[in-house]
Amino acid sequence: MNVYTPILVLGILAFGFAVFSIVIASFTGPKRYNRAKYAAYECGIEPTPQPMGGGRFPVKFYLTAMMFIIFDIELVFLYPWAVSADALGAFGLIAIFLFLINLCLPYAFEWRRGGLEWD
Amino acid sequence: MSIDGELVVFIICGGLSVIGALGMVLSRKAVHSALFIAMVMINLAILYIANSAPFLGMVQIIVYTGAVMMLFLFVLMVVGVDSSDSLIETIRGQRLFGILFGVALAILLIGGIGSSLGDKPDIGLKAANDEFGGNVEGIANLIFSDYLFAFQATAALLITAGLGAVILTHREAWKPKASQKELSVARFMVGAGHPGNKPNPGVYARHNAVNTPAILPDGSLALDSVPEPVRSRDDSLIVDHRAVSTVVELVESEDQN
Amino acid sequence: MSGSSFGFFGTDPWWMVILKAVAIFGMLVVLTLFTIWWERRVVSRMQNRIGPNRVGPAGLLQSLMDGFKLAFKEEIIPKSAHVAVYWIAPVISATAAFLAFAVIPFGPTVSIFGVETPLQLTDFPVSVLYVLAIASVGVYGLVLAGWSSGSTYPLLGGLRSTAQVISYEIAMGLSFVAVFLFAGSMSTSEIIAKQQPIWFAVILLPSFLIYVTSMVGETNRAPFDLPEAEGELVGGFHTEYSSLKFAMFFLAEYINMVTVSALAATLFLGGWLAPWPISLWDSANVGWWPILWWLLKVQLFIFMFIWLRATLPRLRYDQFMKFGWKILIPASLAWIFIVATARVFRDDFAFSNQQLLIAGAVVIAVLLIGSWLLQIRSDRKQAAIESEREQELLVPFDAMAGGHPVPPMPGQVLAYTPRRVLAAQSVAAQVIPPALDSTPTEETPNA
Amino acid sequence: MDPIYYIYLATLLFSIGAIGVLVRRNAIIVFMSVELMLNAANLVFVAFARMNGNLDGQTVAFFVMVVAAAEVVVGLAIIVQVFRTRASASIDEPNLLKY
């Protein structure tokens, strides 16, 4: 019984509860077919399969996710340092300081180029 | 081959990851293969934890499944979701040779590794982990001593990645964003079309859909009331309800086709 | 008070593990139902109305009955939905919401049926990272729900709320760094053991404030819940969901709220440690009492969520994305620098606390004034651009200015030659219809 | 349990990734197969770290993950550019970009 089996037990419990309640819904609920009900919510017209936004690519989502990856990597490097900061002392501080300054450059560049503004 | 906890975990997670990998390669929809590979990554994270690498398992889920696959999903949902593969093969028989090559690679590697590493002792990481007080501290000590140069090099790599992505995708706006004042001035300029807001679609009509133009007091259709994207798509979408006596007829006619 | 040694975790008998898991599961479901009821009551009291009081004593069973009602509602799966992913999304959301609670400590070691065990399901050296990992898996539920519903409103809602959760997850992660710096470890029980003398909220106040703000953004709550705003994107990513699948998202949202509050209590308010006046009573941190302190702290945070929802107006999407990216992240980075250098100066160069406080205050003051001046400068530059562009707007672009005709730059418009003005008037004439019985096809202006 | 099985699993995943790269035509799927191959390499690093008893394997796997993430950032930026000009993400179009 190592440290991780309780997580498995809670996971099975939660997964079972979620699947059980979703499967029940299809039996307990009534079934009344009505064409309008099953149409997707598009203010009343059939959505022709168009590329979303008419082919224009909302680049803001891509840029946010990209910036998230860069900061995620920064985060993941910060944690080992933070945990053993006392052992690493001043040397560790300078190394992390340089690392963070380096990672602020793409952030500053995107800020300046307006990648962070949502219109 | 003693049946212990780790073997059970290996069989379950290993099997799931192989199924996920096959699903990723074979699935029709791109988002499904993204989900399959996310499943593979989570199973690999569990295998890392089984190999006494908890920090790496968590990093795998946070950085890889949480961020990289999220970027994939973002791009997939907005770009290539429905761009299914074109089945024409530029190189004749590419599909067949690809699979043959893959299988040959697998057999070669397993054979080679199996014979050479058969009797490797399994020292295990108990000692290494506890030397600095834990797995994370051990990795931190390594990063800040032997791998310091690689650590700073990844920072430089991330600068180039960040700059490259912004330059490639972010288009500088030609003219600065129009302020509220400029917008209203442009709206009332000559030839700018209908300055006020247009009648809502479906007003006075028998159907409240967006593609039903409003009827003006003198009985003619106000085409401006149909929103521009619908109008620009094709005129067949604009439904004129004046001719149809009842809405029921319309609904049934649509049910037939 | 026995510090957390990992010897305790992983040695529970199997029935104890199941007992603890079921207890946590039950507590979470009951806490969710209670939070839903409590939120509706508090929000209504703040708006001078009574709130649910019909079902059960003072309306306590209201949310339970809502659950049952949702079970009996019709299951509508839209025609354009991708059914497999449509089913998986709520399961991912709900399971991830429950799993995050495996590492939250509720109390010290206590004897249950004669077995000495800590009041915590499990703990390992990277447990706070585990919570972050589960949170990022939970985000999958949002984005998949949005995409699988098929129509554009849920897709946009799903993408927007995912972008928001991602942005605030960074600020949350950065606020953990200062806590790990002081606690020296990432396991929740260790962090609580280190908070015994003084809570981290007191010595790391900026991190605490950043965490509380990003907590609200992370769960799509209160002032940051634009993707689900009725006026904006109808229902956000769960527009097309009905009956119990919708209940799963609802349950996942409230459990996420409880999880981030429990994490806030654990990391910053000393989890189950008794607050100051009660901690003087010596047996306050022993036995079953600490669960009460833990519950009070979590309810304090949940009350804050509800209070925010009842009072603050909803922020626009670009405003809180700007807030997330441009204010929270630089602030937490600066705070990490300050804390790290202060610790190094204190340990290696033996600065006294008093000197460090002065130096820290000076640095923070310099940063604040600097950002304030930057803001003024950029505002003034913006106003200058605006006024300069206004003059430019009044003077129409003259193609023949340099003697030789020059094409307009993008954004500049050619002066209206008479022919175009005439065409514009004819277009205007079109709008007034010539006759009564013209069929729609003739209507399209031929200019 | 003999850690050699992890290495067999990793080679299996690696070859499935290789097949994916060779067979599939959608640029994003090819990119995901490359990610799968990188993950298989990480698993081998972790298995060897355990066999040899030091943490170097895990640290290198950690760096491989970071580099793969940076690679995805730029790779997807290029795929997005190809989509913007060609409105399709198939891997045949990029060579037309030079015209």
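Order of writing sets the chain letters: A, B, C and D. Residues in each chain are counted from 1.
Methods note: contacts are C-beta pairs under 8 Å (C-beta built on N, C-alpha and C of every residue); 3 or more make two chains touch, one makes a residue touch a chain.
If you're wondering where the values come from, they're calculated on a predicted model, not measured in any experiment.
Student: Suppose every chain is reduced to the average of its Cα atoms; which one is closest to the average of all protein Cα atoms?
Tutor: So the chain sitting closest to the middle is A.
Student: Is the C-beta contact count larger for A-D or for A-C?
Tutor: Per the contact counts, A-C leads.
Student: Just how far, in Å, is the C-alpha centre of chain D from the one of chain A?
Tutor: 20
Student: Go ahead and note the Å separation of the Cα centroids belonging to chain A and chain C.
Tutor: Centre separation, chain A to chain C: 12 Å.
Student: Between chain B and chain D, what is the gap in Å from one C-alpha centre to the other?
Tutor: 16
Student: Let me have the rounded angstrom distance from the C-alpha centre of chain C over to the C-alpha centre of chain D, please.
Tutor: Once rounded, the distance between the two centres reads 31 Å.
Student: Can you list the residues of chain D that touch 2 or more other chains?
Tutor: Where chain D meets two or more other chains at a single residue, that happens at 62, 66, 69-70, 72-73, 76-77, 80, 83.
Student: For chain C, jot down the residues that touch at least 2 other chains.
Tutor: In chain C, the residues touching two or more other chains are 124, 129-130, 155, 159, 166, 185-186.
Student: Please output the residue numbers of chain A that touch at least 2 other chains, ranges allowed.
Tutor: Those would be 2, 4, 42, 51-52, 57-59, 61-62, 65-70, 72-73, 75-77, 79, 83-84, 107, 119.
Student: How do the chains pair up in terms of touching? List each pair.
Tutor: A-B, A-C, A-D, B-C, B-D
Student: For chain A, which residues are in contact with chain B within the complex?
Tutor: So the residues of chain A touching chain B come out as 2, 4, 35, 42-45, 48-54, 57-59, 61-63, 65-70, 72-77, 79-81, 83-84, 87-88, 91-92, 95, 98-99, 102-103, 105-107, 109-110, 113-115, 119.
Student: In their complex, what parts of chain D are in touch with chain B?
Tutor: Per the touch definition, chain D meets chain B at residues 1-9, 11-20, 22-29, 31-33, 35-36, 39, 42-43, 46-47, 49-56, 58-59, 61-63, 65-74, 76-81, 83, 88-90, 92.
Student: Taking the complex as given, what residues does chain B use to touch chain A?
Tutor: Going by the criterion above, the answer is residues 5, 49, 55, 59, 62-63, 66-68, 70-71, 74-75, 77-79, 82, 132-134, 136-137, 139-141, 143-144, 148, 151-152, 154-156, 158-159, 161-163, 165-166, 169-173, 177, 202, 207-212, 229-230, 233, 237, 251, 255.
Student: What part of chain C is in contact with chain A in the complex they form?
Tutor: 6, 9-14, 17-18, 20-22, 24-25, 71-81, 87, 90-91, 94-95, 97-99, 101-102, 121-124, 129-130, 149-156, 159, 163, 166-167, 169-170, 173-174, 176-178, 180-181, 184-186, 234, 239-240, 243-245, 247-248, 317-318, 321-322, 325-326, 329, 333, 336-337, 340-341, 343-344, 347-348
Student: Under the touch definition given earlier, write down the residues of chain C that touch chain B in their complex.
Tutor: 82, 84-85, 88, 124-126, 129-130, 132-133, 136-137, 139-140, 143-144, 146-147, 155, 159, 162, 166, 185-186, 385-386, 389-390, 393, 410-411, 416, 420-421, 423-424, 427-428, 431, 433, 436, 438-441, 443-444
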